[in-house]
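Going by the order they are written in, the chains are A, B, C and D; count residues from 1 in each one.
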Amino acid sequence: MDLKEWFANRKKKPPVEEVKLPLATDEYCALWKQCFQCRELLYTSVLIQNQHVCPKCQYHFRIGAWERIQQLADTGTFKEFDAGLVSSDPLNFQDTDTYVNRQKEASRKSGLKEAVITGECEIEGERSCVGAMDFGHFGGSMGSVVGEKIVRLTEFALEHRLPLILVSSSGGARMQEGIFSLMQLAKTSSALKDLSDAGLMYISILSEPTYGGVTASFAMLGDIIIAEPGARIGFAGRRVIEQTIRQKLPADFQTAEYLLKHGQVDMVVARTDLKMKLAYLIKFHAGPGVADLNSEAPTNPVGERESDRKPVTR
Amino acid sequence: MTDKKPVPLEFEQPLQMLAQQIEALENQLQDQPELADDIDRLQEQYEKLRRSLYSNLDPRDHLQIARHPQRPYSRDYFERWDENWVELHGDRKGMDDPAMVTGLVDLGPYRVVVVGTQKGRSLRDKQQCNFGMPQPEGYRKALRLFKHAEKFGLPIITIIDTPGAYPGMAAEEHNQAEAIAVNLFELAGLKVPVVAIVTGEGGSGGALAVGVANKVLMLEHSVYSVISPEGCASILWRANDKVAEACRAMKMTAKEIKELGVIDEVIPEPLGGAHHDYDVSAANTKKAIIKQLDNLTKMSGADVRADIQKKFRQIGAFVED
Amino acid sequence: MDLKEWFANRKKKPPVEEVKLPLATDEYCALWKQCFQCRELLYTSVLIQNQHVCPKCQYHFRIGAWERIQQLADTGTFKEFDAGLVSSDPLNFQDTDTYVNRQKEASRKSGLKEAVITGECEIEGERSCVGAMDFGHFGGSMGSVVGEKIVRLTEFALEHRLPLILVSSSGGARMQEGIFSLMQLAKTSSALKDLSDAGLMYISILSEPTYGGVTASFAMLGDIIIAEPGARIGFAGRRVIEQTIRQKLPADFQTAEYLLKHGQVDMVVARTDLKMKLAYLIKFHAGPGVADLNSEAPTNPVGERESDRKPVTR
Amino acid sequence: MTDKKPVPLEFEQPLQMLAQQIEALENQLQDQPELADDIDRLQEQYEKLRRSLYSNLDPRDHLQIARHPQRPYSRDYFERWDENWVELHGDRKGMDDPAMVTGLVDLGPYRVVVVGTQKGRSLRDKQQCNFGMPQPEGYRKALRLFKHAEKFGLPIITIIDTPGAYPGMAAEEHNQAEAIAVNLFELAGLKVPVVAIVTGEGGSGGALAVGVANKVLMLEHSVYSVISPEGCASILWRANDKVAEACRAMKMTAKEIKELGVIDEVIPEPLGGAHHDYDVSAANTKKAIIKQLDNLTKMSGADVRADIQKKFRQIGAFVED
């Protein structure tokens, strides 16, 4: 079934209400899983085999950061960066529970220390810097650690002149770190400006869901922006908007396909094609870069394939 | 606005009652001269109470002052900084967002480009300005002026007083997330100095979209937060009556944020808040800006850029194993 | 009467149909002139005194290139450039008459050789490059000569680091020079790109009417764009649009005020204030320029007034 | 498209009549073998007529071929230049104009960014593509891709086949004049080479918005003009039946414009027009592009920019006293 058919079928179904991600640990325990969209019962092992995409209706299940990295990185090539970075509690924040307790609970559920995993790896042989967010950890929210890890990854990419790939999945900035969280928007965007001015490539991948401060910073700054089918992406949440404008929004509002139609993403790519597409784009853009353009005579003619370059294939 | 009497806020009730008592006695003073002593005593008490009140404000009280309907807005500052200031309009692509005011201001020693959010004063103004919530086109208008400033080597002064971006359908369709992100990105790469002042509410990404600056200043009673305290209360407490708690928890007042090292300076306000004296508020902010520009304009373009990058690079609180 | 009142009054009147500019030569002969808007009979001398703005309703009459220059330049400072440039007839163009004959006729009516006058002058003491178009000559159309004169003026501004001011009034590209006319859009825009990258200031002034190829090139490329009250400005003409979309357009469509509302111009300035406003803007932007920003340490702090700079006044 | 029989144009009527005669005779050939000679003679006559017809086209005939509903469009070329080409979408600000197609193409020796106007093939496509008339957002989408190409040092190939910009209300409100002007401005400042090909109609400023290039090529039967011939006829002759005259007067055919020195090369088409063989048309254009890039990519970024500036600086016809 191709994307068009899948999407056409999807429309016939009643809109799926708020999808809750099952806990990653439970997921591995369960033998069976029901598709949120077509209601088909699926063998968990088959689902994993198909990169957590329903083989029947192409529904894209939310996946965690490690699954994402495993899907994108060539086997055995991923080296994690900054695994030891953990949040402090700069505001001594407490609502109905303390931030410290909530952090513990988040880690217990996700098995992660923070909502992003960063590192370097090869993608079809192309050395790259990759960061993947995990909505299962604290709603994928961005606090100081997420900001710092993304900036360090960006700095590494700049230093080693590598392409940068960030896979977003986030509810937005982390309230419990208050103004520090807000400033991570500026911090990450600022690092990306340096990367961009050096002529390096950044591909942003938006997965279900990407909202708030993450959308309003690095997620929307890709040289190329790719969304996963059906992913919901926006700045303000659907419910907040409906309350504000006092009217119902169209069913497909803020979906990847809606964003494509409204010129906000370059393409919608099925997860099962994502790795090959990324590799193609990285190879395509591996050229002399902007630095040569400012020299008197470029050593490599612009856009020309180097004779020893690997052939571009998909 | 300064000719209108400041409307008292909720927490100012005791002060207002005392003021009414004094007024009542003063009306009787001609008939009963012996009241003079009482009046003097009450006046003293009033001044004491006033000082004590404003030096012991709860974060939520600051929020109320920051949102005071008579609070001076961007235009009030621009007009007072330079009575001949020139407003420039439009994003050049279809919209002139009244919630984002931009123009050219002569500050005396410096000519600057100004960019500020605008809430609107009359009901009609408020509606046109969308209560200070810019549309994506407003952020893009700001960006046009940032680029203008850079081209001509003019420093940029921004004023932040916004609840944030507008949660509307068209705003999402026109990609406000991108509009904000691109401003953060471009502001961080400018070769002219930027000074931002939070004068009222600094609300979320919509505030930051004009807030990535070499120096960020806040007025004494202004607030700056990652989400509105109402939003925070409703999400974390699931209760609308926990706004005061949310205000406290988020550490959103000028003093607190200065202590956290996120901003550079707190600008004092006239007693009771900026709306008690527009001219003094404008003079204070102008003085603070010029002081900052005296240093920033000594830097080269490359250094200005490095400075802004370094400033935000450092912000964050974490532990490294 | 202020602008708002004037505009409100204007709306009450039936929309003025295609306004024909009286011949410049006739204009000086006529003692009286009737206002197109309020129908007031005006002494021509009073009208000239008031810069061809109706003293009663502020209606801005179309003016010729020489009137414009006389209004903007300090007395006796204007030096014309390239007065000897005249059109050739590269296509041997002929419709119901030959291009050669039409050129002669245009010159007879306008007293000009071409639809733009360029040169340098002082504006309140600020040395500037100024070009003014004349709708009365061949509908202000842009052919090779208009393009060439504007490019030469721009190059002069670049060489001498002077601000550039262009006052547009045009029906668009000149059909009789075919593809050459179209290429003047690219030619002028390209010259302005060089000027801009050198950090120099260009102020575009849009006067009644500015359409087609002129709007789609230099007229819309100003660092600051100023429109005259009531001026009609657009790419496609009103009638063409109405025929295409098969509906009536709002009465104020494509007026200066409409463009202001739609973010297309920085300001609408009455002709009687224009010179002072221009002088203010030139002085305001006379600074170190972008070149200094790229040096290691600027000799002039950015934005700072030089001690010997003239005070900025309006 | 190539599997569909080309629909004949008006001026091709004599040719078609001859073809029908030949077909009729061929059907009788089995019964009357003596017809073979007649058929051969007619075939010969047909080929002669065909060559003579296409070598003596009136400018208006070229216009008709350029506007042929089966004419290959941007997507037809991109697909044939690189069957794995990647389309990129959107202006990032609210719209993805289908009338402007953009993406990444691997030409073999060169990787390039492609930008082309698109007319649409089916009725639904045509409507979505607005019959090849981009909205301001389409020009801005193109600009985004121009900047992308420059950042990554990729040459730009543009395809022009558009009646021009759309005379619509929203298009004016969204400032299409500015969208076009800014593209002219920015294209002239790029540090990567640009090659533009007029493949069909090159209509006015809307065409030029993707046509400011180091090398401008035209297909043999394509046209390029400052205004549509219909517009020209209606304004200058005040008559709708003077289109052929307008075509002639404006000198809008590839050959004429090459002779005027405004373009660099005329690319031959399959006999009868590009729609007779998509593959050959794609191969011809690809070959022409690669030839141009072989030279252009030897230049430095600064030289590329200087070259494009110089190219348009020179265009114009005037006399100096």
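Going forward, contacts are C-beta pairs under 8 Å (C-beta built on N, C-alpha and C of every residue); 3 or more make two chains touch, one makes a residue touch a chain.
The shown structure was predicted, so the numbers you read here are calculated from the model rather than taken from an experiment.
K.L.:
If you tally contacting C-beta pairs, which pair wins, A-B or A-D?
P.N.:
More C-beta contacts join the chains of A-B.
K.L.:
Select the chain at the greatest separation from subunit C, using centres from the mean of Cα atoms.
P.N.:
A
K.L.:
Taking each chain's centre as the mean position of its Cα atoms, how many Å separate subunit A from subunit B?
P.N.:
Result: the chain centres lie 34 Å from each other.
K.L.:
For subunit A versus subunit D, what separation do you get between their C-alpha means, in angstrom?
P.N.:
Roughly 40 Å, centre to centre.
K.L.:
Let me have the rounded angstrom distance from the C-alpha centre of subunit C over to the C-alpha centre of subunit D, please.
P.N.:
Chain centres of subunit C and subunit D, defined by C-alpha means, are spaced 34 Å apart.
K.L.:
Return the distance between the CA-based centres of subunit B and subunit D, expressed in whole Å.
P.N.:
54
K.L.:
Taking each residue of subunit D in turn, which ones touch at least two of the other chains?
P.N.:
92-94, 173, 175, 178
K.L.:
Enumerate the residues of subunit C that touch no fewer than two other chains.
P.N.:
196, 220, 262-264 - these are the residues of subunit C that touch more than one other chain.
K.L.:
All pairs of touching chains, please: list them by chain label.
P.N.:
A-B, A-D, B-C, B-D, C-D
K.L.:
With touch defined as at the start, can you tell me which subunit B residues reach subunit D in the complex?
P.N.:
92-94, 136, 140, 173-175, 178-179
K.L.:
Mind pulling up the subunit C residues that touch subunit B in the complex?
P.N.:
Going through subunit C, the ones touching subunit B are 196, 199, 201, 220, 223-225, 260-267, 277, 280-281, 284-285, 287-290, 292-298, 301-305, 312, 314.
K.L.:
In the complex, go through subunit D and note every residue touching subunit A.
P.N.:
84, 86-97, 104, 106, 109-112, 137, 141, 148, 150-155, 191-193, 293, 297-298, 300-302
K.L.:
In the complex of these two chains, what residues of subunit D are touching subunit C?
P.N.:
165-169, 171-173, 175-178, 180-182, 184-189, 204-205, 208-209, 211-212, 224-227, 232, 235-237, 242, 245-246, 249-252, 257, 260, 262, 308-309, 312-313, 315-321
K.L.:
Please name which positions on subunit C make contact with subunit D in the complex.
P.N.:
Answer in residue numbers: 82-91, 93-96, 144-145, 147-148, 151, 173-175, 177-187, 189-194, 196-197, 212-213, 215-221, 234-237, 240-241, 244-245, 249, 253-254, 262-264.
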